[in-house]
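Shared between the two complexes below is chain A, which pairs with chain B and chain C, respectively.
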Partner chain A sequence: MADSSGTDSYPSSWKKAPFIKNSFVRWLLIVGGAIYLAAALGTMNIDIERVKEGLPRAQRFLDSFFPPNFADNRGVLWEGIAESIWMAIISTVAGIALSIPVGLGAARNLAPAWVYLFCRGIIAASRTFPEIILAIFAVKLFGFGPFAGFVALALGTIGFYAKLLAEDIENSSASQAEAVKATGANWFQWVNYSIQPQVMPRMIGLSVYRLDINFRESAVVGIVGGGGIGATLNTSFSRYEFDTAAAILIIIILIVMAMEYTSSFMRKWVQ
Partner chain B sequence: MLQLSELTKRYNTGELALKGVSLEIPKGQVLALIGPSGAGKSTLIRCINRLVQPTSGSVVLKELELTKLSSSALRRARRRMGMIFQEYALVERLTVMENVLSGRLGYVGFWRSYFRKFPSADIQEAYRLLDRVGLKHMADKRADELSGGQRQRVGICRALIQNPDLLLVDEPTASLDPKTSRQIMRLIQELCSERGLTAIINIHDVFLAQMFSQRVVGLELGSVVYDGKPEGLTPEVLTRIYGEEDWSATIKSTDEDDDEEEDF
Partner chain C sequence: MPTITNNGTESWRLRTSKEQWIRWVCWLIGIAIIMYAWQMISEKTVWFFVTDAPNQAADIGARMVPPKWSYMDKLWKPVWDTINIATLGTVIAMVIAVPVAFATARNTTPNIVVRTIGLFIIVSSRSVNSLIWALILVFILGPGVLAGTIAIGLRSVGFCAKLIYESIEEIDHTQVEAIEATGASSSQKMLFGILPQVLPTIAGVGIYRWDINIRESTILGLVGAGGIGLQLNGSLNTLAWTQVSLILIVILVTVFISEWVSAKVRGAII
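Here is the complex of A and B:
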């Protein structure tokens, strides 16, 4: 360039500034992270011999699954499925009904500080215990059977649904909320007119998703005595009826796939 | 009709947004509040209907002191103050009709509003207002299907169905194109004169402020630096409000006539 009187004073190379500015801290995190991962892998005692021994066992195990046997225990099998679906639906409905007040209370823009902390506490407690632990408690309290499974799944739903509801409320548009408040609406009207329309589509999608989770979890809570298809699955394993177990697993997979399809369809539809 | 005295607002961050603002606004006056961003315009109008709680000072609307009201008395008082928002603030997933009727929430009970069973007088009034702003055929559309100018008209209906004594208008033309801006401002001005409404309009655009108001108040850093007729906005005054700039092109020429058609 001929006319470059001013340009040579500008730098000709540019690099994006690193995410962590301090280069010492940056390298410490990279090297430290790598060392930690290597050490953690070391403590796993990965033993190739044991893997080699296990592979043929896995082969035998899988072989005994085939062909899946839908016929021999047909009655128990469908009963288990029906019970699981029933448990999933009831626990989702009850769990969501309990989640709504908790979720409203756990949204910082809706509730005063003490309500907020209380509701966040409920959510944290529910999230701390996985469904299987809740199911063990519920079986101890209410005895074996689907009622225990229902209680466990409903309580598990609170931690999931109330948390996501609260977060969605906190992310909702403040100006829409302000506009409805300015009309002189009371608190319930305000929530019904400005918050609910904003969070509803996502919440409908999430409730179908939670139904899907609760159905899958019903197979787990059944193993510890919570009824449903899990109980059937557990029985078939303990009787070494792996072909029936395979049939149950296939049915679970198909139902979960169907629900996944439904939930994505529902999400699009409610937008 | 509206008296603000020594109204002060200090936010929790320590920022002093309003420094003892006193204003007296007679019935039927349309007042434009101008000033740079951060001057406290939004805070000022929100202190009136207490979307923002003022730190000190008083707001008296028709003999009623608003700053100390209990929450239920405040809700009753808010019914008398319609508010029109920047970027419309319609509830986007609700229909136009629901947005308009939400202006009646202060007058109906929860279950009635929950089932959308508003009194027939309210529904008639909603249709009448929508017709007045040319949107009657849009009543069942969802608010997010409307254009910017249409949304702001719905926002105006929502404020007016409250049957307010006072309109608080916050940057009604931000994000609207110049033509729509004028139409919206003219509509607000006409509705105010039809109904004898008092209005405070926050507005960035000095030209629009001059064109559509009877009185201009200039706010700078939380204090009133100008209060007078729109014609009094000289380059010196604008410099006092906004700072040094060439103002010659901004100020309204003596009698500019503007007779565009309203098209909906």
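Here is the complex of A and C:
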């Protein structure tokens, strides 16, 4: 039998440690969060009548999605898909080609300060605006069609790819770079033989991932006139051909799934 | 290709002939695809418009300055709406994503059927852009902030659930085993063994997604789903370029602030 006096020094119950230790900060966050949520929900102006009215409409709307119509009455479905795929490929290639110098410049361990700041500026500008806003301006400048979509997606790629490339270079092992530098290599040899092999596997995986993103984005740049499957999708919505729209959405999902599978396979193969 | 020659004969090379051929063929196919893709795009391009682009750019640029600062009075409400769409959308997404992630992760899924359904939810939510979700929801719910919020929510589920379920699969099993050894039920195991390990990830993913959602919610107005995109669309359609430039500046500032907040909060949590 254990000595009963010993139990005093041990707590008999246990409470989970809170996520945020300082209780004042914790309560401030909880109360502040609740007030904000209430205020935000207040501005939602959820119109119950409108939703009630919309629900049977939603039912009819969803019914008209099924069965998906792959028959492609106007002969534009596969053309749109093909255009999107070409657009995604070419914008990924062009975007990566543009990202490499920007990414090298934005790595603190490779570039002098003024190049670094300039390249980081390019990345920040490209990351801030969603592809669709870039597409609006590209359509204004280059006219309707896939070229505008290509420009928008390529510019969007820079912000994504150059940023990750720069971060990967900054994280690469400095001792290998030093070893190559010690052999008397010039700047290009140095980058090519010490940095490039270290970042290459991840970058190949990321380029497949970006191809996947560009394909998905190509489905929306069409809404503002940037060509591709998005244009077809938007037209089928405006023409109330919801069965065709459903077919397009299903094809997009299937292609994205296939790409996701390919990219994970490729990443395994490269590493 | 790097080689080492010894007295004129090759004694070492980096790759075997077969590898070398495979690489060459892959490059050939890759470049052929790229050239073909470029040809398909350029066939559909009116090159006159492209060569005219610098003039257009100069013209629009000239019309955009100076930004019409007085228009700011009408922008506070849309900015507030945009932030609300992003925040509430993220909340909706997290509420759905956490159970989906637990149902999908290999070590917590009840069975293979549930896991397949979970994966399907994740992929379909990720493949359909928020603008397309908004397009559909505006039909159902009517134009407004609500459609945008739900669109953002549905779109974010896949992203959040994917990152969370990957981190659930990577947890340290010894802790779960330790909890199990005390005789814990499976829900207690979940609550005290798994959840504390993934909680920082869940919080981090939520904040990261909130940051992305701010950016996405700025454009939902293009299809009528509320936020600052509505003003942007209106200004673009009426060719009010000085308003457009002001709206772009506002978006820029909002995104920068949200990125800063997100980085600070993530730094504090992780």
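Definition applied: the second predicted complex is superposed on the first by the 214 of 271 C-alpha atoms of A that agree within 3 Å, B and C clash if a C-alpha of one lies under 4 Å from a C-alpha of the other, contacts with A are read in each partner's own complex, and residues count from 1 in each chain.
Criterion: a contact is a pair of C-beta atoms (placed from the backbone, for glycine too) under 8 Å apart; a residue touches a chain by one contact, two chains touch by 3 or more.
Computed from a prediction, not measured in an experiment: that's the story for all the values here.
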Which holds for A:Ala97: it touches chain B only (first), chain C only (second), both, or neither? neither
So, does A:Ile30 touch the first partner chain B, the second partner chain C, both, or neither? neither
Answer with first, second, both or neither: which of chain B and chain C does A:Leu117 touch in the superposed model? neither
Touching partner for A:Ile136 - first (chain B), second (chain C), both, neither: second
Quick one: is A:Gln189 in contact with chain B, with chain C, with both, or with neither? Answer first, second, both or neither. first
First (chain B), second (chain C), both or neither: which does A:Ala71 touch? neither
Touching A:Ile253 in the superposition: chain B (first), chain C (second), both, neither? second
Could you look at A:Glu178 and tell me whether it touches chain B, chain C, both or neither (first, second, both, neither)? first
In the superposed arrangement, does chain B or chain C reach more residues of chain A? C
Quick one: which bits of chain B touch chain A in the complex? Just the residue numbers, please. 49, 51, 75-79, 81, 83, 85-87, 89-94, 98, 102-107, 110, 113-114, 155, 158, 162, 168
Chain C residues touching chain A in their complex are 33-34, 36-38, 40-42, 44-46, 49-50, 53, 56-57, 60, 80-81, 84, 87-88, 91, 123-124, 126-129, 131-132, 135, 139-142, 144-146, 149, 192, 199, 203, 215-216, 218-219, 222-223, 232, 236, 248, 251-252, 255-256
Quick check: in the complex, which residue numbers of chain A touch chain C? 16, 19, 36-37, 40-41, 43-47, 50-51, 54-55, 57-58, 61, 82-83, 85-87, 89-90, 93, 124, 128-130, 132-133, 136-137, 140-143, 145-147, 150, 216-217, 219-220, 223-224, 227, 233-234, 237, 249, 252-253, 256-257, 260
In their shared complex, at which residues does chain A touch chain B? 173, 175-176, 178-186, 188-190, 192-194, 197-198, 200-201
